[in-house]
Structures are given as C-alpha cells and as structure tokens.
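Letters are used for the chains, namely A, B, C, D, E and F, taken in the order the chains are written, and counting of residues starts over at 1 for each.
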Amino acid sequence: MDSVHISELSWPVYDEKVRDGRTMVLLPIGALEQHGPHMSMNPDVLLPTAMAERVARKIGALVAPAIAYGYKSQQKSGGGNHMPGTTSLDGLTLTSTIKDVLKEFARHGVRKVAMVNGHFENSMFIAEGVDLAIRELRWDGIRDFSVVVLSYWDFVTEETIREIYPYGFPGWAVEHGGVLETSLMLHLHPHLVDMSKAVDQPAATFPPYDFFPTKPHWTPCSGCLSSAKPASAAKGKLLLEVCVEGISQQLRTAFD
Amino acid sequence: MDSVHISELSWPVYDEKVRDGRTMVLLPIGALEQHGPHMSMNPDVLLPTAMAERVARKIGALVAPAIAYGYKSQQKSGGGNHMPGTTSLDGLTLTSTIKDVLKEFARHGVRKVAMVNGHFENSMFIAEGVDLAIRELRWDGIRDFSVVVLSYWDFVTEETIREIYPYGFPGWAVEHGGVLETSLMLHLHPHLVDMSKAVDQPAATFPPYDFFPTKPHWTPCSGCLSSAKPASAAKGKLLLEVCVEGISQQLRTAFD
Amino acid sequence: MDSVHISELSWPVYDEKVRDGRTMVLLPIGALEQHGPHMSMNPDVLLPTAMAERVARKIGALVAPAIAYGYKSQQKSGGGNHMPGTTSLDGLTLTSTIKDVLKEFARHGVRKVAMVNGHFENSMFIAEGVDLAIRELRWDGIRDFSVVVLSYWDFVTEETIREIYPYGFPGWAVEHGGVLETSLMLHLHPHLVDMSKAVDQPAATFPPYDFFPTKPHWTPCSGCLSSAKPASAAKGKLLLEVCVEGISQQLRTAFD
Amino acid sequence: MDSVHISELSWPVYDEKVRDGRTMVLLPIGALEQHGPHMSMNPDVLLPTAMAERVARKIGALVAPAIAYGYKSQQKSGGGNHMPGTTSLDGLTLTSTIKDVLKEFARHGVRKVAMVNGHFENSMFIAEGVDLAIRELRWDGIRDFSVVVLSYWDFVTEETIREIYPYGFPGWAVEHGGVLETSLMLHLHPHLVDMSKAVDQPAATFPPYDFFPTKPHWTPCSGCLSSAKPASAAKGKLLLEVCVEGISQQLRTAFD
Amino acid sequence: MDSVHISELSWPVYDEKVRDGRTMVLLPIGALEQHGPHMSMNPDVLLPTAMAERVARKIGALVAPAIAYGYKSQQKSGGGNHMPGTTSLDGLTLTSTIKDVLKEFARHGVRKVAMVNGHFENSMFIAEGVDLAIRELRWDGIRDFSVVVLSYWDFVTEETIREIYPYGFPGWAVEHGGVLETSLMLHLHPHLVDMSKAVDQPAATFPPYDFFPTKPHWTPCSGCLSSAKPASAAKGKLLLEVCVEGISQQLRTAFD
Amino acid sequence: MDSVHISELSWPVYDEKVRDGRTMVLLPIGALEQHGPHMSMNPDVLLPTAMAERVARKIGALVAPAIAYGYKSQQKSGGGNHMPGTTSLDGLTLTSTIKDVLKEFARHGVRKVAMVNGHFENSMFIAEGVDLAIRELRWDGIRDFSVVVLSYWDFVTEETIREIYPYGFPGWAVEHGGVLETSLMLHLHPHLVDMSKAVDQPAATFPPYDFFPTKPHWTPCSGCLSSAKPASAAKGKLLLEVCVEGISQQLRTAFD
C-alpha cells in the first residue's frame, strides 16, 4: 500500500510524508478535449499524469489526483471550444479549483507543489489560482508555500525537437493532436490511438488574431492542427524520457 | 478503441453516440478524503466510478471523467475537514464545476445525465450545480435536458443491509470508512486496503448538532466512524451487484 | 425595553450583553415555502424562531433576526421549487448571508452562535456559510468563534416520536407540511392553520434518486408530503417542549 | 387565514392572487442597525413593513417577508459600520438576495413589485439587484416584469416637513435615530422606544467627503446623527399617514 | 520626466515618492455616459481628472490612471442606462476594480488615497470597493491605509451656487449634462462642447421613486436633465477653482 | 466635434454611427506596469491606443476608452507583480470589465469589436471576457456579435524583426521594456522616455517554468527583460507603421 499517488495512501502514511513540508506534491492538470479522429480525448490528463508519476519516483515526490477538466479550448491551439467532445470549465471555475486544492495541501503541511500542465489553455488560469491560494495562505500566516507551474512540452530540448521533427518543427501552437501528443500516447497508451484514422494534413495556419465565436472552418476537419502521421511510439519514448529527465532536474533545485 | 469512458473515445465516435441526445452520460463525483488507516483516500471516487462503468455497460450509457475533489468532509459523516489528507473544495467551486461540465455535455447533444455520487457531503452542491446548469441551458433554449442525482448507497436494499450487517446496521451516516466502503474496496481494489490496520471500534456517536470549527476529539483517532473489521470482499461483491442492479433498473426508466 | 430579541434592544444594552463574548446568539433560519393548502407559508421561519425565543429565555441567550428566505425546496423533502409561493435563494446567496451576519456578530464580541434551522434544504449551505465566516474571522485574528448548527426536529426524542406517530413514523423527509409542522403551528399560531383544508393522503414515496427539473407529478397535489390530519395543538405543545428542552440542554454545554 | 402578508397565506390562496400578474407585491427592505440609546435596532425594518402593510390594504397589494439585514451603515447617514449592534451585509450579498427573491416572484406570476426601503444605504444595491433580476428574467423570456424602488421618507411632503421640524429641517442625511424614525416608532412600537434615554444633541456635521475606515469620533457618542428629543407619537402618526397616502397614490399609477 | 501622473513616472521615481507612505494618491473615477447632444460622453472622467491634477500639484500628491467606465446610469440622475452611448459596469465589476487597484497601491507603500468621483452613480460601489480593500489589507497586516471618497460637486460652495445659478439651483440630481458639467467642459475642453446643440429645456422632474426597467419617456429627448444653455467657460473656470481649492484644503488635513 | 474616440462624440453622433452594426469598435487594453528606469509605466496602454487611433482612421472605425489596468505582471514576461508601480487586477475583475463593456456596445448596436491588447498577460482573461459576453448576448437573442482579439506585436513582420534586431531577436517574451516598446514610445511619446536611464543588459533568461511567489532575483534590477539601448524613434516609426498597416489589413476582412 505504498504509492506515489496521494489517493492511494492511507491518511496516516500521507500525513507522515508531508506534515514537515519537505515532500513535494505534483498536481497534473489536464482537459477533456478532442484530439482528432485517431486518438482518445484524454491525452492532456494522461500525459502529465504519466510524467508526474515518473518524476515523483525519481525525486521522491507525491502525485495528487489530476484535474480532469480544463479551460476552454482555443481555436489556434486546440481547435476551438465549439468541437464535439471538448468539455471545458469557465476560467473562474478552474482558478477556484486550483486555489482550493492548493490551500488544502498547505493545511496538510505541504510547502512545495509543482503544477504539471498538459493543456496549453490552462496556463494563465493556473497562474491565477496559484496567486490567489498564496494570497489566502499568507492571510493564514503561511508564508513559505511555493509553487512551480510548468507545461511538460517546455522541457523538450532543442536537440530532441530536431530529432522528432527532422522535416521542420511547426511550433507547439499547432502540435494539438500532432506528433508530440500522439507519439507519447502511442508509447504510453497505445490502445487509445488508432493510427489508421490519423489524417495527413499540413500544419494549420491562422491569421495573427483570435476570433470569437470561433469560425469553424478555420479548424481542420480532423480537429488536429497538424499531422500525426509521423508519430511513433519510439518518438514517444524519447519525448517521455526527455521531459521526465528535464522536469526532474529542474524540480530538484527549483525550491532551493 | 471503443469504451464506456468518454475520455477513451475519439471525438467522432463520441459525437456519433451522443449528438441525437439518446445516450445517457454518467458522471461520477467523489472526493479525496481520509478513510481510516486501513484504506486509501480515494474510495469516494473509485466506487462510484466502478459502479458507473458497470451500469453503463448494462444500459448502454457512457461514463464521464470523475470529479476527483469534493465538498468539505463533515465531522459526523466523514470525520471532519481538519483531518490530514482530506482535500476539499469550497461549495461554490464544486457547484460551478458541475454546472460547467453539464452545460458542455448539453452542447454536445447529451440530454440525459446521471450524477453518481460517492461522497455524502457533495449532495446539495451537486443539486445546486444541476439547478444552475438547467437554468442557463434554458436561457440557451435547451429545455429537454434532465439530470438524475443519486448516491450509490441509496440502492442497497433492506435485504442486503440485513445480510451485510447481521449484528445491526449503524446507519449510513457513520459508514465512513466502515463495512460498506471497505468491503467494496476489498472486492474492487484489494491492493488499496490493508485489513491489518483496520481498527476495531464502536460506531461513533455524536450530539444532535454540528459544531464548527470541528472538535477533533469527536472523531475517532482512526478517522473511521465505524469499524471496518466485519468487511469482506464477498460483502463487497454483493454490495456492488446490488447497487449496479438497482441503479441500472432505475436509470432505465428515470428519463421516460 | 429588555428582550431576548437583539433587534428589540438598543445598542448600548446589546453591547453590554455581548462584548465580553459570553452571551450566546441564536440565529433562526427559515424559508418562504408552500406547506400545503391548510397552512401558511412561514412555518420554517416561525417555528425555529419560537424555539429560539424559548431556548434563549431558558439559557440566557439572545435571538437574532431570522433569515426569512432559504435554499431551494427539494422535491423529496419540500415538494420542489417549481411550486407556487415557494421563494428561494441560490446557494451562494444564502451562504453569503450567513457568512456576513456571523462576521458582524463576531465583530460585536459574540463568540458563541447557534444556528436554529427550520428548513431541511438549508443545512449544507449553512455549514458552508459558517465555514467561510470562521475562515475569514481567522484571517482577522479571531480564533475563538464557534458555531452550533442544528435543525430543531433532530431534538424530537424517540419516545416523543412514538407518542406523536402511534401509527408509525414516516420519517422526517416526508414530514413536509405534515404532523410535525402542523401540530407546532396549531399550538403556536393557530390562526395560520385551517385544518378543514388539510388533505388526507398517504406519505409520499419517491424513487431513490433526485430528478431535475422536478417532475411535478411526483409531488402530491396538496404540496404536502404526508397527511397533516393527525396533527393537533396538543401534539404541537409536546413537540415544542421536547425540542426547547433538548436544544437548551445541548446548548448549555456545547461550547464548553 | 386571509392576510396581506404572503407568508401568512397558503400557497393555493397566494397562487390565486398572483398568477395572472395583476396583484402587486411590496417588499420591505431594512437593516439591523443601531439607532441610538433610546431605540431598538429594528426601525429600518419595522417602519417600511408597517407602511407596506397599510399601503397593501389600501391598494389591494401583498407584502413579502422583509429583508432584515441591509448594507453597511455609512458614517454620515447611519453612524458607521464600526458601531456595536449594526449588522450588515456585503453589497453583493444584498444584491443577490434581491435578485433571487424577485426572480421567484416573477416565476409565480407576479409582474409588479415595489421595494419599500427603510435603510438609506441599501438604495444602490437594491437598484443593482433589481437590474440583475430584470436581466435574467429577460433571458427567461419575461419582459413585462417591472419594479418600483422607493424609500419611504421621500414621500414626506414639504408641508409635513415644516410641521414636523418647525425649528428647521436638518436634512434626511442626519435624520438617523432622529425625529423621523423615533416619532414613527413611538406611534407604531412605543415599547421599543425609551425617550428618557434620548440624547439632546445638535445635528451632526461632517466634512464634504467620506472617510474609510470610519473615524469613530465623527459619530456622536449616542450613535444618533440628530436629536430625537422633539419626537412624538403624534408626529409619528402624521408621518405614517403622509407616507402611506403618498406611497399608495404613486403606486396606484406607477405601473400603468 | 516628472509628472503628477503615476503613469508618466518611471518605477524608480514612483517608488521613491510613495514607499514611505507619505505621498497621497488621487484616483479619478468616471464613466462613459451620454451627456446630451452638445457634449462628448467623457465629462465624468475628464472633470475629476482635471481636478485631481490641479489638486495634486497644489498639495504634492500623485494622480493614478482614471477608471474610465462606471456604474449604470440611473434615470433620475443620468438619464438611464437604456441610452445609446452610455457604457456601464455591473456593480461588482466596479467594486472589484477599486478593491484590486487600492490593494496594489497599498503594496507599493501608499497609505493615503483620495477617490475623486465624477459620476454620481458610482458612489456606493466605490464605498464598497474601499471597504473590501481595507478588509483584505487588514488580513495582510496593513492597518494604516485610509481612503477619502469624494464627489467634486460637493465642494461647490453655497456662494458659488448662488453665483452660477442666479435663477435658482435645480439640485445636483438634475445637473446631468447641465450648467455644472457643461461650464467645466467649456473651460477645460471647449472642443468637446458644441453649444449650438445645447437644448433649452426645463429641469426634469420625476416621481419620488425609481422605476425599472427605465421608462424612456421620463428622460428628456436630449438626454440632459436640465438646460446647459446658461453654461459658460467663465462659470467653468470659477467652478474649477472653487472645487480645486475646496478639495485641496480638505485633503490637506483629512488624513491627520 | 468629430473624432475616432467614442468618448469624444456626443451620443446622437455615436448612435448614428453604430446603431446599424456596421461600424467597428476598437478597444485598447493595457496595464499600469513598470517598464524600467528609462520609461513611464503606461506604454501598455498608450501603444495600443495609438495604434487603434491610426487603424480607426484608416478603416473608418471607432476607438473606445482604453482599459488602463490589466492582469498581473508575470515574472518571465513583465518582471513580476512584486515590482513597485505595477498595479494589476485579479483575473476575474479584468474578465468582468471586458464582459460588461462588450455587452454595452452590443446594446448600442455594435456588432464588430476588435480588442487591441498591449499587455501580454491580459490575453487569456480577454478571451474569457469575450466568451462570457458572447454567451450572455446569445441569451439576449444577439447572435451576430463578433470579436477579434489581437496583440499588436503579432503584426510585426519577420522582415521588420530582422531590420529592428539585426543582432538577433530575443523573442517577444523578454521584449518587456526593451527595443520594441521603447522605440515606439520614443516615436510617439518621447517625453516619457529618458534614454540616459536605459540599462545595457543581456536579455533575461529563465528556467522553463514559472515560480510563485516570484523570486525577485530572477528579474533584472532594472525591471526590463532586455536592453532598450538599441531603441530609436526611427525604429518606433517603422514598428508603428508596420503594426498599423498589418492590423488595418486584417481587420478589413476579419468580420466577413
């Protein structure tokens, strides 16, 4: 009954681990969002969870239950929130969830949390939730609570990018349902990918502005913003290793 | 790549299933809450999820990603929110989460949702979230969206209660970390239970009022409100069957 | 110009009573809700107010102005919020009202408050309001403010239940507009009851789940969930005495 | 069992009266606020309630349960919210209460509501609550719901002012706990006034700005902003008649 | 690069000025609101800004960027929020803006702020924003932060009123788009006034209550509540001098 | 009295321009934020306002009053919200402001709005405000209201980047108080820049995560994230022309 997952610990075991504030908690934050016809709708939660588990084992941290619903998909990074299946929260709801959960961990004694984000659109609402939690904790006299906010793709090295995208890197913005996520899913959850459904398409291009309500014709019919065809489990393995290594290394010293 | 779990479907498959409004969606709602020294902190999310999966298979429904954090543990039904490990949301946060998610399902075409609750304290905030979602959907001209709200223990029959608790039923209120939840976990997730840590204790008794802030000494040291000792995997199997059968039967006609 | 009602005191008299924190304040919380064709719509506020007055006199406490509007009537305990006359608040509104009022009493010096609830559906929103008030008071450095939350019917003893319901107790859930409330009103406010309009009906039965929006045909036409016919002023007198005695006894020691 | 008070009607009687939208509902809004050493803290709720009852009888309207807690006392019109006994709501709480209650009346069929205000500081938060209710009702397709917002002192005629204040009218701003309210209370609720405690003091004067946090020394020690000494039950009777007459007359045609 | 405007300072210069808490900050609060056919829609922001600049120079204070959008125009003081061009915030939005900005100034070290209001309807929402800011600052241990809230017209002396309105003063309430604002604009921003479009009309009269939704026919067609015809730049110059002098004088000692 | 600024129009002129929905409104959104020792704190509001004015003249649009306070400065793009002078709003406050203002423009008849953002951190909260406005307008039956959200730097062409940064482009992220903003300010508002105070510093580098609360030593002492030394008015002129041209061109067809 030992586990890196907080949810799988009994309370006395968890309490023992966190009450002195030294154990870090990793909190994966995802989304339920369409990722094309070739993939399930949960990569944004499964991928940061997988990374958090591996990082936690390497650095002696714990993993909190993932937040499964995220902020609204934006058209230029996720296809848009008009798509079927995409299931999103208002900004305030996500912000409040993060605020509440962080304050509870602080009550338990936790002083170091790393938010492991898997859904681009969450970023600013995570930042706001963290800021509000720190504010209220300060009102409770807790001034040594710190939070790292990271998105896993920011740990893919330039070298890896060149290896994964030998034909040219389209940019993270259009990597929605593309090579990055599909490769990682092929490696980690192959039964949730069906490459026969992957659409060969050029990377989506957009004007230099956002438009509301979304213009559905801007989003490729597949819902993906670039082609998943070049994805492979081997690439996924490499990406996972690079991210886990990079995140672990950074978190080891981030709170010093 | 077929699944009862929405998160495991690609969006075109999901879209096909729900856009005409006939497929029901089951939404498990749990908590991260201490459940004594003998059990992990996730029964409130694992148990309704397990039931939702089985019900979904029986009646042709889908299961949405569970809501993993719930409302604050109350002392007389969950030991209280001062306990280590228990990690809760403010009422408004939970209500908003439910409102937002329901509205998204409605946008996809879903017209029938059953909230499968595993954490007693969630009930009224679920009701409020449902009410607010229905209100806003009405403003969007959607008037045929309906929601069942249920807690799985309400489907344990009188007969089963007599079988499970031959020595007398203490009431659901004190079944926190007791025979019901422990038996179900022993059957479904035995690696998350360590019966050697189960404490033999009488059912907790409380005065006929609630007190805030909690009086820690009211809660038994274990965090459980009754003894898990009489729990068994066999009882868990029975309880699971009874609940799955009862919920399935009710949901088959609830939306008629 | 002395009174148990805060509202009927001048501020210097009130100030003298509460500034040292020893005097308890009782805060009745009700609803404006249909209670059948034989009764006015205010029992949920009149009954806890009547009890609070009597308790206050017995134990030297004060009674704050009642909160006259409550949370939405639920179909299985109050007939449902689609009924004419029922006039309810959103959960957050009730919670905020309670939070604000409690913080003000704390500012005056009050340290002991008992919420005397007369409307079942209020319970969790009262709990949340109390929790939020205590949180903010803690931020103001006030850490000795405590609150009892009670519903008066929880003080009806088993013995009294047997006496009042010789033919069998249907459960508090369906006591909406039934013997309990009608008897108390007949004793306390007989001009607000017209027994000639009381409907003879079996106790309502419901499936083991809630449904939204309400299914109007689930609610008996009268709006009552059980028959008020067996009600009497004598039963009301007994119930009042038992509740006042029980509440007084508990409150005398609750804050020790 | 007939009454101008909604709370004292059974639901079928109320339903009959309001469902066609022709009956007006009067909603008194007050405060729990210090009013000097010579008077109880409830004039702001008792006085508009008394007027609403009388107006309702004259024009065939109904009176809803009063809102007993109001917005924060401002120093230049109510002595300030630092005073003992004054028990106030945040602006949003009051606004939300009004919004919720108005929407419920509209659901019942009511189309004409008059808010009868007894506490100066409530005014803008009432206006906001009304505006938000009308907005949401519009979203529900209800476009014929109208609301009058009035404060009773605005119906005291110039002639009456000259009669009541032969020595010069200090202005409504400093009439807090002064001749107006005290006279009305002497007429309506003499047991809640003790003229022997009334302080003889000049009308308070203030600089042409507000200051936060309040400067306690700006408020006269009594908490009153002008002297109640010239108050009398006879003046109260006159004021009541003038207000009831003026309000009735205006409301008769306001909704045409 | 020196300026009374905070926005025109570099941060080290600003920091030097405010970090010891001695420099006062003036915060103009306006509205975007119709002011008749003869005038631009920004007097409510330009006029308090102009005064704040002049006051700041006289007393050594700084001026913060004005809040350009205000609370909803009320029919009896601003023509009503149904008018074209009038662009308003919900009460909570304005309150939150003020709360947030004040807390930031306090973080910089500022301890004295004067809110210079130019839009009547803002007043109570400013008061609420200030109250909430002070509350949260108190939770941060900041207890010496004070705020003056003023509306510039309250500094027009009786003598000046007699001079400006020799034919009788209609009251500030109907001075919307009238002599006061038009004269000040003619003096300060003559290119934003076209007196040939000024309408000669009697001062608007209203019943002693507010009505929602607004009754458009209550508002004169021009949108002004009184005639701007008697306005002149000379009157504007006088009004500006009187207000600047009065505000400066009061602010010099308000925080002692 | 004609102007591209809405605030400088009388209401009948504005009404004439917008009521048929054909005229586009540009809404600049900025911040009050430190931009180094060599520059005032208002570039984020002055620059989008300047561009909006020029774009409006080219394409026949109107400019609404700028929103002067923005979301919290993030350390890796703005130096962090711990810096003196930086004065920010909570996310919900900014979101609500945008929602409210957009709904008002829609009420006037406007159907095309372009948000011209000058502060990176605003982006997601603008998106949320726009989404919420569109939702509520839909509830009001307005379904043809569209919004472009743009940040002006996204219109700087690759060619211009090469020209402005011959020594290599550090990326927009660290362009806070650097060449882009300083050059534009030198061209547009030279009196608000003092190049003698510009610090020569390498572009800031950060780890691939955010940290809360900010680590002050991460931010260069100047508050700038890259050197403003290479800035010039000529570069500013070029940048302004390129942005105005690019934005105008895009907006001409964006709403087709």
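The rule is simple: contacts are C-beta pairs under 8 Å (C-beta built on N, C-alpha and C of every residue); 3 or more make two chains touch, one makes a residue touch a chain.
Treat the numbers as computed from the prediction; the structure is a model and nothing was measured.
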Message: Starting from the defined contact criterion, work out which chains touch chain D and chain E both, please.
response: C, F
Query: A-F versus B-D: which has more C-beta pairs touching?
result: A-F
Task: Averaged over CA atoms, how far is the centre of chain D from the centre of chain F? Could you give it in whole Å?
output: 47
Statement: When centres are defined as mean Cα positions, the distance from chain A to chain D in whole Å is 54
Message: How many angstrom lie between the centres of chain C and chain D, each centre taken as the mean Cα position?
response: 26
Message: Give the residues of chain B touching no fewer than two other chains, as numbers and ranges.
response: 90, 92, 139
- prompt: Quick one: which chain pairs are touching?
  reply: A-B, A-C, A-E, A-F, B-C, B-D, B-F, C-D, C-E, D-E, D-F, E-F
Field: Of chain F, residues touching chain B in the complex
entry: 138-139
Query: Can you list the chain F residues touching chain A in their complex?
result: 71-72, 74, 81, 90-92, 95, 114, 121, 123-125, 127-128, 130-132, 134, 146-150, 154-155, 207-213, 246, 250, 254
Query: Of all residues in chain C, which touch chain D in the complex?
result: 1, 3, 6-12, 14-15, 18-19, 32, 34-42, 45, 64-69, 83-90, 92-93, 96-97, 99-101, 104-105, 108-109, 191-194, 197, 223
Query: Can you list the chain C residues touching chain E in their complex?
result: 136, 139-140
